[in-house]
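There are structures below to look over.
One chain, subunit A, links the two complexes that follow: it is found with subunit B in the first and with subunit C in the second.
So, the complex of A and B:
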């Protein structure tokens, strides 16, 4: 039978219409037309504004007839549109009463919060026409991508090795040699590099549509344009950033990103997105109207009783995440990315904001975090919180987890850095960090801990061993921006050095960091480029730098191939040994009758660790029979860490009859004897002990 | 250059479409109609000659996706002699996994 619901019932200036379906929100293809649905709790009327692609003026503005509104939802089907050639937006009418939180302005054309693709910043860095009456335009998107047999990989959390990267930074540098630098397609071309390194998950810094020109300005220092480069300021939550796609100018950014995800999956690499739900690009009362501000300001933003914007994000506004309406858009958004883009996990920027109530108070049982944790579509997605915000809430170890949420473990970073630089009195703390922070995640297990020493915020690993202080002058804020508590140490000289002693210590420190990160229980995360000593010249906050401060210089691959090899082998070693990847905490006891505790602690004397306040060294042994809670049998592992400035002899714990210690890594040795391929570790001559050079790490395998 | 699509059905059950000019939203329907015709003829292979196709917009890619799904997965689609820009578009959007890209027709 022919469907009659595809017939128009109304006509407006030649456009055929029919009352729409309220669900789903956004623009959806229906037989013969497009269903437009948008809601606002306080708007009195709404108009659909249609443009032909790129035209300065609308082709038509269609007011929603009264009978097309159900509750707070305006829904309308428009027939016979040229899908590929349409840009759309809305005008909303309602009160302008800032005391009450309302900022309706029907002179503004507003982006659909559910827009699946957005035009206006099609090519990265191309200055827009600021006189355009509609700067960020919603597009229609087909869900016809051919995924073949792809789906999210569902790699167990404990088996992940995460690589945090920025899409543009990864291949924008001329040395990348890719055909389309700085794009999703560029990453695809560099897949062999990621495979060779051995990571099995990439975490992409923001890829939701953002405006690289937001707050752009000239650097007083260099005269360069400073941009919203990292992109932690969302314009549209459902749309991939066009300027990160080589095909953005053709409107195919959706296809290009999906093609990247599919290709990464084919190579066994998961894809996480760094998502920014804590605020938007609309700023405060002085910021632009893009979308929410003109659609339903009072609903979407946390406002003071006087109607001003709360600023827990440090960026002007705060999304009102525990309003039920806002909660739903976050949930809809993540479901969309999980189902339509096959995204494997999400890292939530300043996630603690998501646990605040509409007046900003922390909730003990935040409904949004709970909804995400129990959502059926997100059931296999990894959820990772940056468990703090700019309003002073610090929840590392106490983020409401519902058995699902993992956290960026800031205490791992701080503790490891202090240990590395040789601070005394941190071995007790380090022992917790190496075990997956059971002091923080007692009931949640080590997989709640995303272990990292460096991330996009702060120094790169090379800079961490090259600078005592931040050098952010290039950001044009007189070096006031960026964190001051870096726990870094320059190894005796601030900045690049020609002193071979300084340089070899820096190299050793980087290897020490990599080694400790990759033998820790929990989930390791590596910052893009640390494996080849990427530098930001001491800038610890390069959010605005579209230049070599952020771009990965692939020439480093030649000058630092030893470091790359060290990383590569440590990753392989970790993935070859389940004893590093326990799902549940170690007990420090013998639970399988092997004669050894699952983890035992040592010092210069076996079985006698130095926990004193002046200690700078520690060793531990993992018993292979306890791997994965005793479910599988692995080799035994011994790790000794000497962060003292003198060499020390470490007595080795005895092995069961027939087993011998073999050297996997010794950061005190020169390459290529600093690390060995898994399975090819040479037997240690003296089975009773080993000399650790100053500031070095040794990893042995007992087999 | 104006877009045109010419089609012929070869004896061995192969449908050959020759695309010329710029394939954008305004003309994608012509391409789509030709694909539908080939599907109706139950073509066993679809050969898309793109030697003189200068540009393909998103709408053109959508028709390719449509062709793959409309013809069925057992019908191979050959993209012949695509120019660099068109080839890039197909590769960047990952569609080269769904079709067979060749330089020459005789290579089939």
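So, the complex of A and C:
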């Protein structure tokens, strides 16, 4: 049966129209045409602006007739549009009264906040025509990808090993050897590498459309163009960044990203997105009009009583996330990515901002965070907060979680780094971190803790053992940017060294870090390239560097194959042993009658850990009969960590009759005896004790 | 856009020449669908397709689903490197059997 609404009722300059449907927002295909729907609480009128692709001037501007508005929503169906050849935007009319928070300017053409693809930065780094009257243009997109039998993987949180990566950085370096460097397709070509490493989740740094030219400038040091490289500044929340797709120039970025997600899923790898809802690319009162500013400034941004922009994000503006309208667009956005792109989880940049009220005060029960936690479409998505913001709110351990939210555990990073560099007095703290931080997440369990030692912010692992101080001169801010407090140690020489002693200690320290990360309860996250000693030459804030400071040099795979092998085996070992992956906190007691506590603590003497303020060593044993709260039986595990500059003899705890200690890893030994394949660990000759070299970690398996 | 139809053995051969985009796709699709009878064997010769847009990719997949749904078989031959790359990166290539030459296509369909 043919539908009545497949026929137009209105005509405007030869364009056939019909009153549209307010729902869904954005541009949607309907029989015979396209439904355009957009809302503004304060606009008095709205005009749809249509362009033929790439043309400097609009082909038509169609004002929404009064009868096409319902509530605050303007909705219109336009028939017979050539969908591949159309770019669209809106003009909004309303008050310009900055004291009241209004900045309407009908001379600006505005991007649809719900645009599912955006043109204007089609190919990464191609300079735009700055005189263009409409720089970021909304495109029409078919949501008809053929997923076959794919859906989000729903790997239990406790079983994840996350790999944080930047799409462009992963394959842009010439050494990557991929056909389309720096793209979604490039990642697909390097999928065998990810599988070999053994991670089961990739967390992509921002892939929502952003403008790499935002605040671009020449480096006073190198003369290179500094860019908005990382992309923590969103232009469009529903659109994948065209410049990260090899097919972006054809407008096929949507399909390319979906094809990547599908392929990763087929290989058992989940996909998380790093999402930036705390601010947008529109800056403050001096920034450009892209979208929200001209559509409904007062609704979308947190404004001071005088109408200026609050700056809790450190980037000029702050999205007004607990306004009901803004809350809905965030929810719509995440639902869209979860359902249309099969995204498995989200990491929220500066998430504490999402818990502030419209005047910036922290809410005790933030409606946005609650909505996300209980949403049916997001029900199986992992939600991870960067639980702080640039306005001084630090909520690690206290982020409003609703039983759902996990956190980047900044205290894990800081504690492990201090222990690693040999600071005394941190073993008590370390004991908490290794257990999944029960001091922070008592009721939430270890899966609330995303454990990491390095992430995109700060030093890479190699730089953490090579530099005491940041070296950010290349960013052109006289080394003022980036964190000063890195808890790093250069092993005796600042920067690269030819001293074999220094280099072997650095290698050992990297392995120590990997080992401790991967035996901790909670969810480990590895920074891209740490497994092959990627360096940023001491730069701990490479947000603007489109060059080898960020690009992964695949030649490191040859020079650091031992380190790669160490990571690879540690990941396999973790995934083979459920005793590392408890959903609930360990009790430090024997709850299954095995004769052993689920976790027991040791020092140079078994059962006698040194908690004193000068201690730099600690050991623990995980009882295999307590794995997964006693639901499954695993081997026993013993981990000894000596962060002291002298070697120490560690007496081993006794095993049940018939079991023996076997060596899985010893970072003090030279490769290949530093680590063994799971299941092929050699039996330890002396079952009563083991000598740990200076600054080294030993992992034994009792079976 | 030209659509040239022929029959070789028991196989419908459809040769496309020109750009397969939003403007040309509806007509091409209509012509091909006429051939999509039950148990059809079809070769789509793409060697003279210069450019393929997102609409072209979708047309191919709709055609594939229709033919498979009628227990037919379809193979693509003569994909240029550019088009094959685009199809691979966007996931469309996963659905298709694609071969270098017409002879390869005929052989595959006769097996």
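In the analysis below, the second predicted complex is superposed on the first by the 702 of 703 C-alpha atoms of A that agree within 3 Å, B and C clash if a C-alpha of one lies under 4 Å from a C-alpha of the other, contacts with A are read in each partner's own complex, and residues count from 1 in each chain.
Note that a residue touches a chain if its C-beta (ideal position, glycine included) is under 8 Å from a C-beta of that chain, and two chains touch if they have at least 3 such contacts.
In this text, all values refer to a predicted model and were calculated from it rather than measured experimentally.
On the superposed subunit A, the positions of subunit B and subunit C overlap enough to count as a clash. Residue contacts after overlaying the shared chain place A:146 against subunit B and subunit C alike.
Of the two partner chains, subunit B and subunit C are each touched by A:85. When the two structures are aligned on the shared chain, A:258 is found in touch with subunit B and with subunit C. Shared interface residues of subunit A (contacting subunit B in one complex, subunit C in the other): 82-85, 142, 144-146, 179-180, 183-185, 245-247, 250-252, 255-256, 258-259, 262-263. Of all the residues in subunit A, the ones that touch subunit B in their complex are 53, 82-85, 142, 144-146, 148, 179-180, 183-185, 245-247, 250-252, 255-256, 258-260, 262-263. Those residues of subunit C that touch subunit A in the shared complex are 21-23, 53-55, 57-58, 61, 85-86, 88-92, 94-95. On the subunit B side of its complex with subunit A, the touching residues are 24-26, 28, 57-59, 61-62, 65-66, 68-69, 88-89, 91-95, 97-98. Residues of subunit A touching subunit C in their complex: 82-85, 142, 144-146, 179-180, 183-185, 188, 245-247, 250-252, 255-256, 258-259, 262-263.
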